[in-house]
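Shared between the two complexes below is subunit A, which pairs with subunit B and subunit C, respectively.
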Partner chain A sequence: MIVLRNLHKTYGSHPSVDDVSLTIAERGVTSIIGPNGAGKSTLLSLVARLIDKDAGTVTIDGLNIDTTRSEVLAQRLSILRQDNHIASRLTVRDLVSFGRYPYSRGRLTAADQAKVAEAIGFLHLEDLAERFLDELSGGQRQRAHIAMVLCQDTDYLLLDEPLNNLDMKHARGMMQLIRRAADELGKTVVLVLHDINFASWYSDHIVAMRAGRVVHSGPCVDIMQAGVLSSIYDMDIRVQEIDGKRISLFYE
Partner chain B sequence: MIRLAIGLGITAVLVLVSLFVGVTDISPLDMLRGDFSAQQLQVIMASRIPRTSALVLAGSATAVAGLVMQMIVRNRFVEPSTAGTMESAALGLLTVTLLAPGWPVMAKMLVAALFALAGTALFLRILRMVPLRDVLLVPLVGIMLGGVIGAVSTFIAYRYGLMASLGAWSMGDFSGVLRGRYELLWIAGILAIAAYLAADRLTLAAMGRDFTTNLGLNYRTTVWLGLVIVSLVSAVVLVTIGTIPFLGLIVPNIVTMMIGDNLRRAVPWVAISGAGLVLACDILGRTLRAPYEIPISTMLGLIGSIAFLYLLLRKRHHAPA
Partner chain C sequence: MPQPDRRARLAIAVLATLAILSIAAFMTLGVKGNWGFVLEYRGRKVLGLCLVAYSVAVSTVLFQTVTGNRILTPSIMGFDALFVLIRTTIAFFFGFGVLAQTSVQLQFGAEVLVMTGFAALLFKWLFLRGQRSLHLMVLVGIVFGVLFRNLSLFMQRMMDPVEFQSLQDTFFASFSRIDPTLLGVSFAIVAVASILALRIAHSFDVLMLGRETATSLGVPYKRRMVTILGIIAVLVSVSTALVGPITFFGLLVVSLAHVLCGDGRHRHILPASVLLGIICLVGGQTILERVFAFDTALSIIIEFLGGIIFILLLVRGAAR
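This part shows the complex of A and B:
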């Protein structure tokens, strides 16, 4: 369980994250949605200790991120930023192997090697394992990064806009994969999404942010309501039910 | 592994050639048969072995330092001589030569290393303050910074009649290497091994702060570790040999182009190739105009600038990775 209490972060004069208290339950997929500048990515980075917060506490399974050693946290929680542009010339296997760094400090044991192979297999990257990242397409590279954080084998997986730069097919593939990671591997996945229909289709919970605050949080059906969505995004949004899933329409 | 052994073999051959090239005629076969004069033995022990050791140590350490620099700056076109590091080290050496001329060479080297560390940290700070979109601007900023620091050094050296020393430091030259005057370079060799031991951490640092933090590694500490290695190597090489241009640039670039940026694999290759290239340049420099010598900085300046141009133009054609 991830518990955020009175979290604050201010850039310049504007609070980016403003007094956020939130509990993210174990297991399942939680999507954070909201307009640009709502503080979604900042919130994720604060939880993952990538940026320093101004006030508040974050605990992960009871471990306070301020007082827990970074290498211990790295075995509980992993994060993938949206701008994971890596200039390094590494092979896919190199990259995925670095997911074991919190455990092995670079000296891979047989168990580590097995985890690496498992993560590569989970993302169907076997044929690309020895290729350099800069020789791959955007979608393949994204899968390699996901394989790395899976290989890190943490209970919590934070993904900042994992669908960025992916076409429809790859975006769907990515969401199916995230669902599998939650269902088959028992992960707790928290992701920032811009496409609310993807959020609706694949998540268990939705957290909606606006102007640095959490304005709604709950099961998908509670958030995927015309009135709720319209207030979050400040525009008319209709919601229809198709095959038991709620889909928003906002194109006119 | 087999390829690495071949690379090692080529460098070993170069080491042997380097030992037996010179004004005094010494044949390897005679040496093996035990057929040599006391004078020949003297030349081998006091001049040839020190020179070859210096070439191997300085060559491998300089190349590895260039690689480490490229990792922590996250730019392929920086090395200690395009980041203000070498110029800062020279300023430090000049300062200590003026203020404390009696200090042992070890202490002078440490002062030079401190200046190198400060100069490189300043370079990184400038890069943080001025985010640059173009990868080629980063070394340009470094060269400009080096130019400013070099100008300060030149001004001081001119005022105090130390222009000759400054000139010697900026021109790498192995012809002055004798027993008792190169041993500091073993420190550079140890630092290259340290870079190998820290290979995983440095590879991670090259992927940025977020990536490193996610894996539970302290980014700042790792960058500082890299900076200390680079600064010490630069200072040691400057004090003993002088600046060896382009070596830290072309060797790591060619090696990582072929086998990638995972330092655990790249560091041994860079060390072997750096030593091999310096040995080859030195052998050529000693034989082309024998009995005169072409300094290593001239040889590498020629080869290096052509290779650098090639890398730049190639980079322009292909999308940067």
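This part shows the complex of A and C:
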């Protein structure tokens, strides 16, 4: 369970995350939605200790992220950010192997190798395993990064806009994969999404943010309401039910 | 993975052989008279050269790791200019006589201290406060370099011309001028820095992935950065104080190491860079001294080659 209490982060004079308290349940997929600049990515980075918070506490399974060693946290929680520029030239397998660093400190055991192979298999990257990252397409590279995060084998996965730069087919593939990670591997996945229909279709819970605050949080059906969505995004949004899933229409 | 691994190992084996050959050639070529004396005399020189090669190579590799950039080196950040400034300031306020008379040990100690302090401040300011932008760092390095150079120039203008000339002589890196009495203490300093580095060596590759990924993988990023920057500052200061400013040497050997190894893992790049450094310095010195009977020209040749590589890297980087 991830518990956030009174989290604050201010950039300049403008609060990016403003007094957020939130509990993210174990297992399942939780999507964070909201307009640009709502503080979604900042919130994710705060939870993953990538940026220092101004006030508040974050605990992961009861471990306070301020007082727990970074090495220990790395075995509980992993995060993938949007832009992952890497200065050195690596193959897909090299990158995925880094996911074992919290356990092996760079000396891979046979068990680590097995985990690496498993993660590569889970993302269907076998054919690309020996290719260098700079020879891959954006979607393939994204999958390689996800494989690394999965290989870290943490209970909690935080993904910051994992659908960025993916076409429809790859975006769907990515969401199906995230669903599988939650259902088959028992992971807790928290992701930032811009496409609310993807959020509705694939997640168990939705957290809606606006101007640094959490304005709604709950099961998909509660958030996927015309009134709720319209107030979050400040525009008219209709919601229709198709095949038992709620889909929003906002194109005109 | 197996293929780049094999290539890198082969490269390191070849480089090690070449490095041993260079050292053997340096020690034995053209020996006349008392072997014992010559071997001892040349042995000290070789030790000094190897120490400089090691410090420059390791500090450059680590600097590129923490900056996540393959063009920057500590010396491009204004170190050579600081060295000139320290020397000039001493000569200006106390006269060149003082510089010539103070024991080399004292000079060495003072220079290492001041340069380490400066580097620590500069690095701390650059890397530990928020976002680090490559352009900002290069600019700051250039600006500091210009500031130091102009301060030096200003003092040199007002100096006695004879003193100025003697001073200027010490500004060119000279690999044949290493003072043997400084070797012991240099070795001790470098050894301590190396032991510290070795203890955290497992995280070097992870740091190449950038701050966010490294943090997510459990590297205590800030603490690690401070340690590594401290190690770099010490290594650079020792080598600069020993032989004088050399700007592009580190860039030359590390870039060659990357080309030869084919992959960027520190397990390969670090030894390859050190061996290349030894080959360049010891081998180059042998050829110049024994074959061409030159002396100080080695630093000029190395800087020339390194400078060309720097420009190539810049042009390629801009094209990408």
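The working rule: the second predicted complex is superposed on the first by the 251 of 252 C-alpha atoms of A that agree within 3 Å, B and C clash if a C-alpha of one lies under 4 Å from a C-alpha of the other, contacts with A are read in each partner's own complex, and residues count from 1 in each chain.
In this section, contacts are C-beta pairs under 8 Å (C-beta built on N, C-alpha and C of every residue); 3 or more make two chains touch, one makes a residue touch a chain.
Computed from a predicted structure; not experimentally measured.
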Request  = Look at where subunit B and subunit C land on subunit A after superposing the complexes, then choose clash or fit.
outcome  = clash
Inquiry  = For A:141, using the defined touch cut-off, is the partner it touches subunit B, subunit C, both, or neither? Pick first, second, both or neither.
reply    = neither
Inquiry  = Per the contact definition in the header, classify A:130: touching subunit B only (first), subunit C only (second), both, or neither.
reply    = second
Inquiry  = Let me test your reading of the model: by the given contact rule, A:210 touches which partner, first (subunit B), second (subunit C), both or neither?
reply    = neither
Inquiry  = Quick one: is A:115 in contact with subunit B, with subunit C, with both, or with neither? Answer first, second, both or neither.
reply    = neither
Query = Who does A:187 touch here: subunit B (first), subunit C (second), both, or neither?
reply = neither
Request  = Would you sort A:53 into first (subunit B), second (subunit C), both or neither based on which partner it touches?
outcome  = neither
Inquiry  = For A:246, using the defined touch cut-off, is the partner it touches subunit B, subunit C, both, or neither? Pick first, second, both or neither.
reply    = neither
Remark   = Both subunit B and subunit C touch subunit A at residues 45, 48-50, 69-75, 78-81, 84, 86-91, 94, 98-99, 101-102, 105-106, 149, 152
Message = Quick check: in the complex, which residue numbers of subunit A touch subunit C?
response = 45, 48-50, 69-75, 78-81, 84-91, 93-94, 98-99, 101-102, 105-107, 130, 149, 152
Inquiry  = Help me check something: in the complex, which residues belonging to subunit B touch subunit A?
reply    = 74, 76, 199-201, 203-204, 206-211, 213-218, 256-257, 260-262, 264, 320-321
Footprint of subunit A on subunit C - complex, ascending = 1, 3-4, 64, 68-70, 202-203, 205-206, 208-213, 215-221, 263-265
Key: Of subunit A, residues touching subunit B in the complex   = 45, 48-50, 69-75, 78-81, 84, 86-91, 94, 98-99, 101-102, 105-106, 132-134, 149, 152
